[in-house]
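Down below are the structures I want you to see.
Consider the two complexes below, in which subunit A is the common component and subunit B and subunit C are the respective partners.
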Partner chain A sequence: MKTHAERQLKICDTTLRDGNHAVAHQLGHADIVAYAKAAELAGADLLEVGHGNGLGASSIQVGRAALTDMEMLTAARAQLKQTRLGVLSIPGFATVERDLKPALDCGVDEVRVGAHCTEADVTRQQITMLREMGVTVKGMLLMSHMASTKTLIEQARLIQEYGAHAVILMDSAGAYTPAAVDEKVGALVEELDIEIGFHGHNNLGLSVMNSMAAVKAGATIVDVTARGFGAGAGNAPLELVAANLHLEQIETKLQLFAALDAADLAESTFVKRIPTNDSVTIASGIAGVFSGFASPTRRAAERFQVDPREILMELGRRGVVAGQEDTIIEVAMGLAQKNSLYEVI
Partner chain B sequence: MHAQKGSIADPLRVAIIGTGNIGCDLLLKVIASPHLRCDSFAGRRISSPGIELAESRGIPTTAGGIDAVAELADRIDVVFDATSAKDAVHNWNILEGLGIPVIDLTPSHLGKFCVPALNLEECLTEQNVSMVTCGGQAAVPIARCFSDASDGLGYLEIATASSSASVGPATRANIDEYAFTTQHATHEFCRVDTAKTILIINPAEPGMVMRNTIAVPASENVDMEALRVSVDEMEKRINSYVPGYRVVVPPVATGDRIMVTIEVEGLGDWLPRYAGNLDVITCAAVAVAEGRAEARR
Partner chain C sequence: MKTHAERQLKICDTTLRDGNHAVAHQLGHADIVAYAKAAELAGADLLEVGHGNGLGASSIQVGRAALTDMEMLTAARAQLKQTRLGVLSIPGFATVERDLKPALDCGVDEVRVGAHCTEADVTRQQITMLREMGVTVKGMLLMSHMASTKTLIEQARLIQEYGAHAVILMDSAGAYTPAAVDEKVGALVEELDIEIGFHGHNNLGLSVMNSMAAVKAGATIVDVTARGFGAGAGNAPLELVAANLHLEQIETKLQLFAALDAADLAESTFVKRIPTNDSVTIASGIAGVFSGFASPTRRAAERFQVDPREILMELGRRGVVAGQEDTIIEVAMGLAQKNSLYEVI
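The block that comes next holds the complex of A and B.
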């Protein structure tokens, strides 16, 4: 649609949300304050803050956070002026009364309501309510590599119908190829009236290329994190996306050097290990398993003395989705049992 | 009246309001119960798949919803409410005044919580019995095992995953009510300071069997041997009314947590067998109705 060409590309920095996956949700107050300042200087349009799985997600199931949602949001809020403060809210984890309303009271500017890519109707209640309250609200389709283009169009249309301002396709498993990005993002841009975004992961080393492909296909929102700090093999790195956009002369509010500074700052403070591709994250990408499963899978493999890659391949066969981390232990125990049977034989 | 297969001479006369997944699965279980006879299956659309199912089994149907059931007041012993949390409030406003007992399968929590494995006997004379939620029926009994194997818990959580095809529109619109009601029931049946629930909907084909993981932090003081014995007994007790209820991960300490995973396979009455989330609550509701039928004798 023509209108998309007139929209400036917006950069959503999810370092302080997706990055929390990389440190078992242990980002602290000082980390949040320091990085929020840097993201503001870098010119990010939105800074998403919180537990890796969003509001209300701190749990044994997906990891207990060091800070409460309110502590994280309040810390970030105080540092932001131009950059807007965002949260992720996944129905099933986040509830309106316990989680969403208190977050709005902290001064959140934008809520991105997420659901597994075939289950968009669970976002209706939250999107409708937020829209009525006048809050900017976007829909996120998680694990979108698992659904066909046709299904994604249907699901994105539901989100548009509920009143969301945009739909973001999440490559939560880092399993997209640039051709798949071109097809799926392009189709959504064509078929929907609202803005389309893309959230890349780097399991197959394609996060930057995929983000650029999404922009070429008409996406007007791209998610990034400093140094790729995020679940599994990490996200599309802010600094690399900024550099590529600079070379391609694609205009955003990003300040190139300040974006590079933000990434340097992240590395020198809270990025304990720069996300990279190893056998576990690659297996995760091939199996099409949620990137956030990498760390708990490593722990379960260690505990039950099994190959983490076998756990991931079995999880992929079962078609598990984000939030089903308990299945990792079930599968690991099953593999351990099978191995011990073979040893007896 | 029509004859339902295997009925005893004087069955409990029931009505079911709500013709979605839960209502349909419940209907088939009522038909199979010799103690119960469904005299009205009430929805709001005359051509729904649920109404078609009931008609194919010779069950009286109506598209008049709660109002049609209210007119049968003197000929109905128990109403099952399988609508939505919101509609259940409206229905109860009408049925309470008429003095008709209600077994509520929505998460509205208007009456006494009932989990048959834990408190069936206490619920048989209540006018409104709340069947909690599907996740609650599956997981709260195990949460109780954790509670019994400790001196009280600081934190416990329940993560439930159900197959997409089995989670109908009413449940999807009631996700928050689902969470609050499940948490509330956990507090009522267990000694725990904070309870949390997580609901996941999984679209894998063929469908994933309903799963529930009950976990507490490793720091909780739980007697593992007592927990093993208690979970084992609980599984057997629940099997007496939900045959497909199975422990798949027995109590295990995995570093940061102590957990149990159970799965519920259904009988495959309305949806395929993976949809145990229907059976776990419909079987529990039927157990309450059968309990009333027997208590009447």
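The block that comes next holds the complex of A and C.
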């Protein structure tokens, strides 16, 4: 087995999966074909494709995608030669028979199985099965800024034991700083044999530097999207990570100008709004709250006439995670009551 | 005299000066009044106001501002109490009698005198005179990534000798990395008695982290703009620097939510396009070429049918600086000739 230092850095382009969040999962056939061509030319190692929440997630509750999983994967597959095709699988959304097996039949090269950072055991069944089938499979720990380094090591070790080829720390709230990346990625690189990856978001304006910090700490997989295309404050931008890797003379398969071209193409075709940081996405990063809470928080703030940032800061203090969206309303009501008390006084 | 460690960090908000570049110097009276109020509430230490190139720069060649220097300064002055009012003076554009004295009569609290990073002597006359008049005056070294640490120390010492209260390193090309900031700012903090500042641009997506690196290296002045409002890839965003200072518990006069409000206000009123990084602004950062070269480079690329990024990379190799815009055409022609040679072969 190669040591961490011997492994070449791999760039995972998740524009056509995580980016789908930014357009309510409405990426179309032409978008996928054009961008897959560009990602191949850019030299991305992996192109992740699908609904924002991964295989099997398209639904009225989470949002219906414009295309089925298989339509998206088939469209991308036809454009890729060197760049490998990847999918996200979150157990609960994705099931083996209905979603994973047909995806593999479509020619998917790699499956990334995700779970909350303290619930790695949820990934066991899928990782074990995929590994037995000879598929490249990676584990992803969501909202990983919330867990201590010790916990992350324990959870990542479980993913390694299940047979995954890598574990990827997801900065789902865009709440990491380079120092925290250095500590957590560095510890995992030290303690695990499999590859370590980092997936950054930009709520604090640090996604590029966090990605570079991950590489310097020994991560050999970095996730990016063209122009940071993604929900809320967006992802680490492919083109800026490419520029910084070039300046630092860190070798990858990326072709610098082709990577810049891919991002320009995305902007000129399917990127409706280049991600930026408004008050709410920044407060979400400060509070360390899941980016997906931004929209329901804005709605609750409007309804109860309170500051959305106060809601997010309180959600952060309570350590709320995805699935606990009801708490948003509770916190907003509480703030509204407090405010009206002050008005009386 | 206070040591560097005893000085509180000061935030210079240059939204209404550097940001003016992004709207061809067309900020109007209502924009200035509204934003000055917001900057005061945000707790900015200094609000820099004026034409993008500073006092006296409004002209057909550089671009006519919507308002005169005095109209802009008077509008801002009326809104500021705690926040001090600043102007940029670049000798050549700004003269003492015509520009500086009337500006001081308008109630300007601070003048920042700028010159290319190897030409500090250009600032001598104005700094000396302003210091003798009892005005707070700071020196700015433009394109400072181009000079060695040794040269910057020599140039900054000149500015100190002239009597300036601080010297500010300008990352005019957005070409710094945090490691370079740490080295250069750290050396100036070590070698000089006056305050050191940093003014970051975002061509490489590092402006926030570079600003934080400057603070950690001992800088006590950091320049920002709301939403990064500025030419090309924009400046270090006020709201993201505020968020990171909050997270790192670094004390300033900034009020976090009010700083976020100021940026939201700017976006909803006068920011026409939130700065982002396209291919050309990134190549400009990689090459270390002045951001102002982006537009003429795009035009030359179009005219000679060559890749604008190749032009910028060559300009970077030649170490071209502002004032040498003719070289853009020369390089573009050279690339076009080279391309047509290859076509023949």
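Here is the rule we use: the second predicted complex is superposed on the first by the 290 of 345 C-alpha atoms of A that agree within 3 Å, B and C clash if a C-alpha of one lies under 4 Å from a C-alpha of the other, contacts with A are read in each partner's own complex, and residues count from 1 in each chain.
Assume a residue touches a chain if its C-beta (ideal position, glycine included) is under 8 Å from a C-beta of that chain, and two chains touch if they have at least 3 such contacts.
As the structure is a computational prediction, the values presented were derived from the model and not from experiment.
A.B. asks: Go through the superposed model and pick first if A:326 touches only subunit B, second if only subunit C, both, or neither.
C.D. replies: Touch status of A:326: first partner only.
A.B. asks: Using the superposition on chain A described above, determine whether A:227 touches subunit B (first), subunit C (second), both, or neither.
C.D. replies: A:227: touches subunit C, not subunit B.
A.B. asks: Considering only touches as defined above, state whether A:148 meets subunit B (first), subunit C (second), both or neither.
C.D. replies: The answer is neither, since A:148 touches no partner chain.
A.B. asks: Touching A:263, do we find subunit B (first), subunit C (second), both, or neither?
C.D. replies: second
A.B. asks: May I ask you to decide whether A:276 touches subunit B, subunit C, both, or neither, giving the answer as first, second, both or neither?
C.D. replies: In the superposition, A:276 touches subunit C alone.
A.B. asks: In the overlay, answer first, second, both or neither for which of subunit B and subunit C A:340 touches.
C.D. replies: So A:340 meets neither subunit B nor subunit C here.
A.B. asks: Using the touch definition from the top, say if A:239 reaches subunit B (first), subunit C (second), both or neither.
C.D. replies: second
A.B. asks: What residues of subunit C sit close enough to touch subunit A in their complex?
C.D. replies: Checking each residue of subunit C against subunit A gives 177-178, 204-209, 227, 237, 239-240, 243-244, 246-248, 257, 260-261, 263-264, 267, 274, 276-279, 282-283, 285-286, 307, 309.
A.B. asks: Which of the residues in subunit A end up touching subunit B in this complex?
C.D. replies: Contacts found on subunit A: 57, 59-62, 64, 91-93, 95-97, 116, 118-119, 121-122, 124-125, 146, 299-300, 303, 318-324, 326-327, 329-330, 333.
A.B. asks: Spell out the part of subunit B that touches subunit A in their complex, as residue ranges.
C.D. replies: It is residues 157, 159, 161, 164, 169, 172-173, 175-176, 179-180, 196, 198-205, 208, 211, 213, 215-217, 248-249, 252, 254-257, 259, 261 of subunit B that touch subunit A.
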